[in-house]
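What follows is a single structure, and I will ask about it in a moment.
Letters A, B and C mark the chains as written, and numbering starts fresh at 1 in each.
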Amino acid sequence: MSDPSSINGGAAVAMVGKDCVAIASDLRLGNQSLGVSNNFEKVFQFGDKTFLGLTGLASDVTTLSQVFRLKTNLYKLREERSIEPQTFANLVSSTLYEKRFGPYFIGPIVAGLDSKTDKPFICGFDLIGCIDFAKDFIVSGTASDQLYGMCESLYEPNLEPEDLFETISQALLNAVDRDALSGWGCVVYVITKDRVVKRVLRTRQD
Amino acid sequence: MSRTTVASEYSAEIQSTPIEHRFNPYSDNGGTVLGIAGKDFAVLAGDTRHVTGYNINSRYEPRVFDVGDNIVMTANGFAADGKALIDRFKNQIKWYKFNNGGKKLEMQSAARYIQQLLYGKRFFPYYVSTLIAGLDEEGRGAVYSYDPVGSYEREQCRAGGAAASLIMPFLDNQVNFKNQFIPGTDGKEKRPFEYLSLQEVIELVKDAFNSAAERHIHVGDGLEILIVTKDGVRTEYSPLKRD
Amino acid sequence: MEHNPFKWGRPDDAVYGAYNHQIAEAGVNSLFPKMNTQNPIITGTSVIGIKYKDGVILAADNMGSYGSLMRFSNVERLLTIGENTVVGVSGDISDAQQLARYLDSLELQENVYDNDGENQLKAVNVHEYLTKLLYHRRSQMNPLWNALIVGGFDEAGEPFMKSVDLLGVSFSSSTLATGFGAHLAVPLLRQVIPEDKKYVDVTEEQARKVIEDCMRVLFYRDARSMDKYSMVTIKKGQELKFEKDLVVKDQNWRFAQNIRGYGNAQQ
């Protein structure tokens, strides 16, 4: 396992509900099979209602989260407003493609609400910035197979925020429990029109 | 080092370096399987798609079999090995009857025997994930699952094959109620285990396979569920996505 | 002059040195290790088959390729065994001929020792035999480099068609093709039989037409194919019909006109 994208492990998922979105990740950071940290969040906020989940090589996760903090700060200075999810998705895509032949080993996902219309938006990317617009859910990380299986069977459209929270949590929890490289706690953000709720989940610690 | 090779048909050279062995005796024929044990029944389900690479060889090639004595079996992965293993086991059941006056082969004996078959080829393994399902001596549902070289375990449920990684966490959640807690206990009290009814199990199996077929290209076309009860083995077929 | 006819046309010992007979006897009391087939030499391309209402149709062309060279042009790749079983062979031709010898001795054995009038060798039995043989050989790491389609009838006398390859992997379907045919012919065949069980709705005429269409498409696009082929029709209650030296009909090469390097198109 010298594959850079599965050295540190980690998983992230985003889902669309009725007038809301949720994005979640695990908290593990490891070195191959050795767990190193149970406090490594992979979800970052870059606007009022714009979130980015970043799985993959931990150094690239940190680097990119800082790159996007810089870029979104400059964006805010120039535009005098925070970045929209759609806009941010294109920023992620072009940033990744700049490194087309020496890519960051990451699997980003974006989730958020449009500030004008309050319409939910989610999307995912490959490591060189190809955008995957999905209506329902996006998964990423070393537990992506497990997440696909969970989301495909648990998800239903137009869930209320509380139900969406339960769905995304169960999907992530059960998926990471079947992946040796993910787990060690989870964090879930539920984003609605008038608030963002962050919850930290207790999980198995093995 | 031993002598190993000739450079070509016309060369008298005998070299001591091994030549490249390019015949690969294995392939992957896709498909996925799933077994669940209930209170007084067990099911073993598998899709009916048979593939090599991106080719769909057949849309209906059964991969779960009634091997007799109220036991159903599947060996998913490399189809030729799967067939060889199942044929050998069927044959053994036959001989067991000849030698023991028609006595039924019990699940736990069948399970142990399959381990012997698999481990017997430890150094040229059967490339399959094997599952058997049936009823134990008390009449309770039983599922046994194996790795390719015979390590085995009795379980409540198990997914195997191409989409095992998609289905298994779903089963943890919906059959063994993993990560489910009783509301109002602040996550302190786990939802206790209880057996599902046959009807619930079949619906669960269909959901699992529809999800797998949605996301995995080696899964699809048809779903065949073999149901074992004290009254024998029954088969249910339903279609899956064909794309 | 050399008076021993055995030596005529062979490399001259004076020039090349004496032939080392251990090469030919490799594996038997020889310093040379035994060699197994690691790749096919003379090859036959696709075999295609379809089930229909009262039987099975199989077809295969008559070419034996040596790499990209058209080495032989009258190879028969459809082997009959017993009354109404046909085996279509693609892959290595020498292995196919070895298979033919195995099948001959199987037929002989069945006829001599097990012929009480009724119990004829059926296609299912032939298929089982070939599957066991090919799987055995792959397990010895000495494969017979072929992909086969067996056509005929099952125990109940219903149309039967099943395939097996060099690994011993076998599968059945109402539409089958080996090699290039799996890509080019199967989609055309499945257009006639979309649902596996629905082969009972297909007439002999329909089946025959789609097989002819497939052979034409294969001739157009498979560089290792030729326009001369054999076709076998196995039909309930009838002697099997073996047609040789059929020619791909209704060829239309107008499309080639506009393709650079194919027709006259310049640039």
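Assume contacts are C-beta pairs under 8 Å (C-beta built on N, C-alpha and C of every residue); 3 or more make two chains touch, one makes a residue touch a chain.
These figures come from a predicted structure and were not determined experimentally.
Chain contact topology: the protein chains form an open path, each linked only to its neighbours in the line. Central chain assignment: B. Criterion: smallest distance from chain C-alpha mean to the mean of all protein C-alpha atoms. Set against the C-alpha centre of subunit A, every other chain centre is closer than that of C. Of all chain pairs, the one linked by the largest number of contacting C-beta pairs is B-C.
Measuring from the averaged C-alpha position of subunit B to that of subunit C gives a distance of 33 Å. For the pair subunit A and subunit B, the distance between C-alpha centroids works out to 34 Å. Between subunit A and subunit C, the centres computed from C-alpha atoms are 53 Å apart. For subunit A, no residue reaches two or more other chains under the stated contact definition. Contact residues of subunit A toward subunit B in the complex are 145-146, 148-150, 152-154, 170, 173-175, 177-178, 202-203.
For subunit B in complex with subunit A, the touching residues are 163, 165-170, 172-173, 178-180, 187, 207-208, 210-212, 214-215.
If you check the complex, the residues on subunit B that touch subunit C are 3-6, 9-10, 12, 14, 21-23, 25-27, 29, 50, 52, 55, 57-61, 78-80, 83-84, 124. Contact residues of subunit C toward subunit B in the complex are 20, 23, 26, 31-33, 35-39, 131, 135, 138-139, 141, 143, 163, 167-173, 182-183, 186, 196-197.
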